[in-house]
Amino acid sequence: MEFKLEDIGEIVNIDIIKRISSEVALVNINGKEYLLRIISYDGDKAEFILGNSYYNVKYIENTPTHMKIQIIGKESVTISKYPHLQKIIKSSSASLVDTEKMLRSPIPGRVVSIEAKPEMSVKKGDVIAILESMKMRVAIKAHKDGVIKELRIKEGGNISRNDAVALIE
Amino acid sequence: MKIKKILIANRGEIAVRIIRACRELGIKNVAIYSDDDSNALHVKLADESYHIGPSNAKESYLDQNKIIEVAKKSGADAIHPGYGFLSENAEFVERCERSSIIFIGPKSETMRSSGDKMAIKQLAKSLGIPVVPASDGILDDVEKAAEFAREFGYPVLLKSAFGGGGRGIRLVQNEEQLRQEFELTTMEAKASYGRAAMFVEKYFPRIRHIEFQLIRDMHGNGRYLFERECSIQRRYQKLIELAPSPVIDEETRHKIGSMIVKLADALDYINAGTVEFIRDENSGNLYLIEINSRLQVEHPVTEMISNKDLLKLQISIAAGNEIPFKQEDLKINGFAIECRINAEDPFNDFAPSYGKVNDVIIPHGPGIRVDTYLYPSCTVSSYYDSLIAKIISWGNTFEESRKRMINALNEFYIDGIITTVPLHKFIMNEEAFVKGDISTDYITRYNIIKRLEDGRRDNIKMYKDVIASACMINIMYEGRGKRIGVERWKESGRFLRSFGYGI
Amino acid sequence: MKIKKILIANRGEIAVRIIRACRELGIKNVAIYSDDDSNALHVKLADESYHIGPSNAKESYLDQNKIIEVAKKSGADAIHPGYGFLSENAEFVERCERSSIIFIGPKSETMRSSGDKMAIKQLAKSLGIPVVPASDGILDDVEKAAEFAREFGYPVLLKSAFGGGGRGIRLVQNEEQLRQEFELTTMEAKASYGRAAMFVEKYFPRIRHIEFQLIRDMHGNGRYLFERECSIQRRYQKLIELAPSPVIDEETRHKIGSMIVKLADALDYINAGTVEFIRDENSGNLYLIEINSRLQVEHPVTEMISNKDLLKLQISIAAGNEIPFKQEDLKINGFAIECRINAEDPFNDFAPSYGKVNDVIIPHGPGIRVDTYLYPSCTVSSYYDSLIAKIISWGNTFEESRKRMINALNEFYIDGIITTVPLHKFIMNEEAFVKGDISTDYITRYNIIKRLEDGRRDNIKMYKDVIASACMINIMYEGRGKRIGVERWKESGRFLRSFGYGI
Amino acid sequence: MEFKLEDIGEIVNIDIIKRISSEVALVNINGKEYLLRIISYDGDKAEFILGNSYYNVKYIENTPTHMKIQIIGKESVTISKYPHLQKIIKSSSASLVDTEKMLRSPIPGRVVSIEAKPEMSVKKGDVIAILESMKMRVAIKAHKDGVIKELRIKEGGNISRNDAVALIE
């Protein structure tokens, strides 16, 4: 199997050399051999001992092509599955670009004010709305140049992380 | 003790802290809570709990009417305000006084005078306490301003009396620039307010923030409980506090400490307070900037090095008791560090993070104390500030304290919320911090946020093998419709693992 | 420091404690675990973890071959044995010595001599340390026995050299009874062993158990870290420990402390150890009973009052370093209490309780430290002892420490396991305990278990209304097929409660 | 509703006087009025505020006639539901007595030794088996006089709490 660690742009290979017992296997990671002992798995989390160290990993996001995981006590990482396959899809498909028109909120919060209007021209970095969350005010900024086609938020409303804010074309 | 029941006009970790103090003193305690806090730890721990309104603080924790009403209804004879919310609201203190409820803090009158920064500086000056060199009061004349600037030496700060929160402050390098800026700023101010109203203040290129803990009782006994070093800040928010300060020697400590006790005498200041200073890193001189007439977030570091319980002292003083120790009985014992753990993402411009917490493991061990409102399955509300836990470490030396803090940060685990723990881990191991080379511009000067992000990339590289293993395990199970392959627990009391997928 | 990696030959809270010490010292650590412990906290926290065998301790934590093998495989240059298991096994120490692995504890030779209670008492006596008055060695002659008995005064204890664990001990009130019992006992012993082999020992009707903490390095520096009072016991198991002892004055502390340092010199004792004494409550005299050549479970109370880290000292001494402080640098600071929380049911004859822990909240707050292996969703194994947590409270005074302990006991919450927390809560509020009137028969003398049960009935009466409410709420939902009527959490970040059932 | 608190032999009555909102009700407990505010309920646990104090209650055991609950931080209590109804059932039914022949283990553990044999006569309090658990040895004693009809355990085996140990008739 092959995974791409998006944050550092590196590809890592892992394969099972030998299954030793129901929970222990010998694996090859980037040419190096390790003993992998799985302690538990429950869909959201896995615990295992790799080499001789214990790890607890949480699967924060999981889509057919990407996942975001966190090694407990360490950083979280975004990973692409099947990186070669994706490259092919990406170059042949245009529909993916379409989703990039939507500005999404990077944080959850209450909409304090909306600084943009429909049909307004904006530049990348222009403030579209101000959210309040945990006594902090955070600006949501345009992710690209374009014209506001639609505003999906209203003042005083609550939005979640990744909720649609505005369609910019 | 004439106090029998205390209403806690606050939430979060400080409400929990106050409940613990009440229990040690055998005083009943009453919690109040908003909608979002109905499941909060302070509600669970308190003797009584009253719902006080919607999540918005204006309609709950800041609603003076409702709070006074609950105090009366529950028979509370005192109110502890914690920090933030109504803790420095002189009007609220007055209302408590009128309702014959003991406000655990200074009198309304003292709170008003402590709140007037100009007046406090004047008073301090008259007592021989150094304050930041500045023009005596408001200037409307550019010649006077230039005169002061020459006296202090350039650069100087030109400040508008109508500014606030960083607005209307200009750093001025020479007289020509001073005259230009004075014109510009006074024009704006005159248009709005009818007069120029400017100050000139000496500028220090590099400062530390050092504050002294003060307590004083109704019988005129004032004590200082040493100082805290709060220089590690990000955008004027304190991140890490130390006690004692590594740059304050015994002589300075005693000199400044004695001075602030005199200042408290002059104000007839009663209860706990903090006198804030800046320290010019060139000269090593301290200059008073303001008084905070409440308990500070960072009070635990003082408790750790003085072995005094500030909450219990606050309550005892409010009940009219004398402080039960003399200044000379106080000795600094060891070294304490506090890391403020915020629900913010240090890798995403400190964006707030809130919601349901699934699991949480609060660190323990020798010298570790954690003040927090977190518990498994609790929630972090978006309505209140992002401070979720304070990890406090104690050691005989700075090094021991620092190493224990690193242990604790490594053991801290929370699932569901993003926290600033990685930032604290980075700083605890950062060279300048370890050497004690800190100042209020530490975070920018040493490019901490950028280096933290670079460190993250290095960590990811280091754990490539672990990440690959985790991905592989997940994909194996996803391929089988997310079935759970590892049985965890059987009645027999043993882990039985039946690993369904053939790896 | 010549130690780079330590294998921890233990489990549970002490393994976690050792990991924390290693991390503070920058030493890598290696955990071992049995089947039942594969999910244990010490495995999660350690730098490396090795599976070592089945749950049964004989095949894992007591298997010397496997442990030495893992030490070699992992490149550990030292082994910390914790307490219990192999911690006082001289043979294991010898094997470590032969394998050039540093055993963190006394040398095998010292461990053998410390383990011989008779020899230790003789040595102690020769150094002027008081030991329990007893016949000099073994007696085969009843006349000699009677002579000693007359010397000590009746009643006396008649002990068979072949007994052990309470067997072969008789309390004898007068000479007639002594002669009868001597005949009877020696007849049995002669039949089995060919000789009488009896001791006569002075009997004390009421005693305290007081122990002194000792450390000594390879350079001949010995220090005592004051004493612990461990009198509160149930069936010879310590329940609660205090430091310092309320009945030891500064003079006695220094006198006994200096004596045990001399004893350690005579034994060339290296590392941490404990010298146990009984205190005759009539005379107030202390008598040495034995040496424990390991770290004790209750070491944290000593750490709290001395501000020294015994684990770090143990490792440092084992690495050949000198103890970095003098005896006169040590001062007692405040008062500490430890409650041993066991997974036993105090309302059902202390029946063991184990299995999966669902939720657990470990208390925190000023002066509170908890050493534990518990975390949410952990499991308590039936294979090992029932100690699941040690709550340690510190205060400036006994009262402050006691009140903080009560706070912590009230905050401790565990779901899935029955614990002895109610017993500790009862004792912390019990009159005789509060007054310091304790002795090894405290639990029976004050009828604690019965009174605890009576208190439970009173509590149930007090909470009748709460119980009725809980029953009603449950039945309402049961009637609707157990449907969950209260939604807890919505993405919006607020609790929304839709209460389905019409109450 | 009526409940009997077995541990203290008292009966307690509770009734709803008035439902104030979806989560708040005025109740009458043994003649005294209280405001009851329910915070959460999930089958195993309930959180509520009675009067003005917060309580967290766990339902440890729950059968149609009995329940065992624990107020968190306080003692656990055994309660009979419908105590009047039960009294009638008890006096008219003999089948309940039958279940009392079975000696059950009060604790979980490993069977170290079995001290009784089939067809042996035993007296109440006689040791039937020794369990080991958490390094403690605990005797399981006969709950009544009688003859051992069957032994349901074997040496070295693990048993759970309430598992059958022996049939004594």
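Brief remarks follow.
Every chain is named by a letter (A, B, C and D) in the order it is written, and numbering of its residues begins at 1.
Here, a contact is a pair of C-beta atoms (placed from the backbone, for glycine too) under 8 Å apart; a residue touches a chain by one contact, two chains touch by 3 or more.
Values in this document were obtained by computation on a predicted structure and should not be read as measured data.
Chains that touch both subunit A and subunit D are the following: B, C. Contact tally for C-D versus B-D: the pair with more C-beta pairs in contact is C-D. Our note on geometry: subunit B versus subunit C, Cα centroid distance of 39 Å, whole angstroms.
Centre-to-centre, using mean CA coordinates, subunit C is 33 Å away from subunit D. For this pair, subunit A with subunit C, the centres built from the Cα atoms lie 49 Å apart.
Across the assembly, subunit D contributes 39-40, 51, 108, 158 as residues in contact with two or more other chains. Shared interface positions of subunit C, i.e. residues touching 2 or more other chains, are given as 38-39, 354-355, 382, 410, 488, 491, 493. Residues 30, 38-39, 43-44, 46-51, 74, 491-493 of subunit B are the ones touching subunit D in the complex. Residues 1, 3, 5, 7-8, 10, 12-14, 16, 19, 22-23, 25, 27, 29-30, 32, 34, 36, 38-43, 46, 48, 50-51, 55, 57-59, 62, 67, 69, 71-75, 77, 79, 81, 106-110, 133-136, 138 of subunit A are the ones touching subunit B in the complex.
Residues 17, 20, 23-24, 35-36, 38-39, 45, 55, 300, 303, 307, 309, 333-334, 354-356, 359-362, 364-366, 368-372, 375-377, 379, 381-382, 396, 400, 403-404, 406-407, 410-411, 488-489, 491, 493-495 of subunit C are the ones touching subunit B in the complex. Of all residues in subunit D, those touching subunit B in their complex are 37, 39-40, 47, 49, 51-54, 56, 108, 158, 160. Interface residues of subunit C facing subunit D in the complex, by the touch rule stated above, are 343-344, 347-348, 350-355, 382-386, 410, 413, 415, 422, 456-457, 459-461, 463-475, 477-478, 482, 484-486, 488, 497-499, 502-503.
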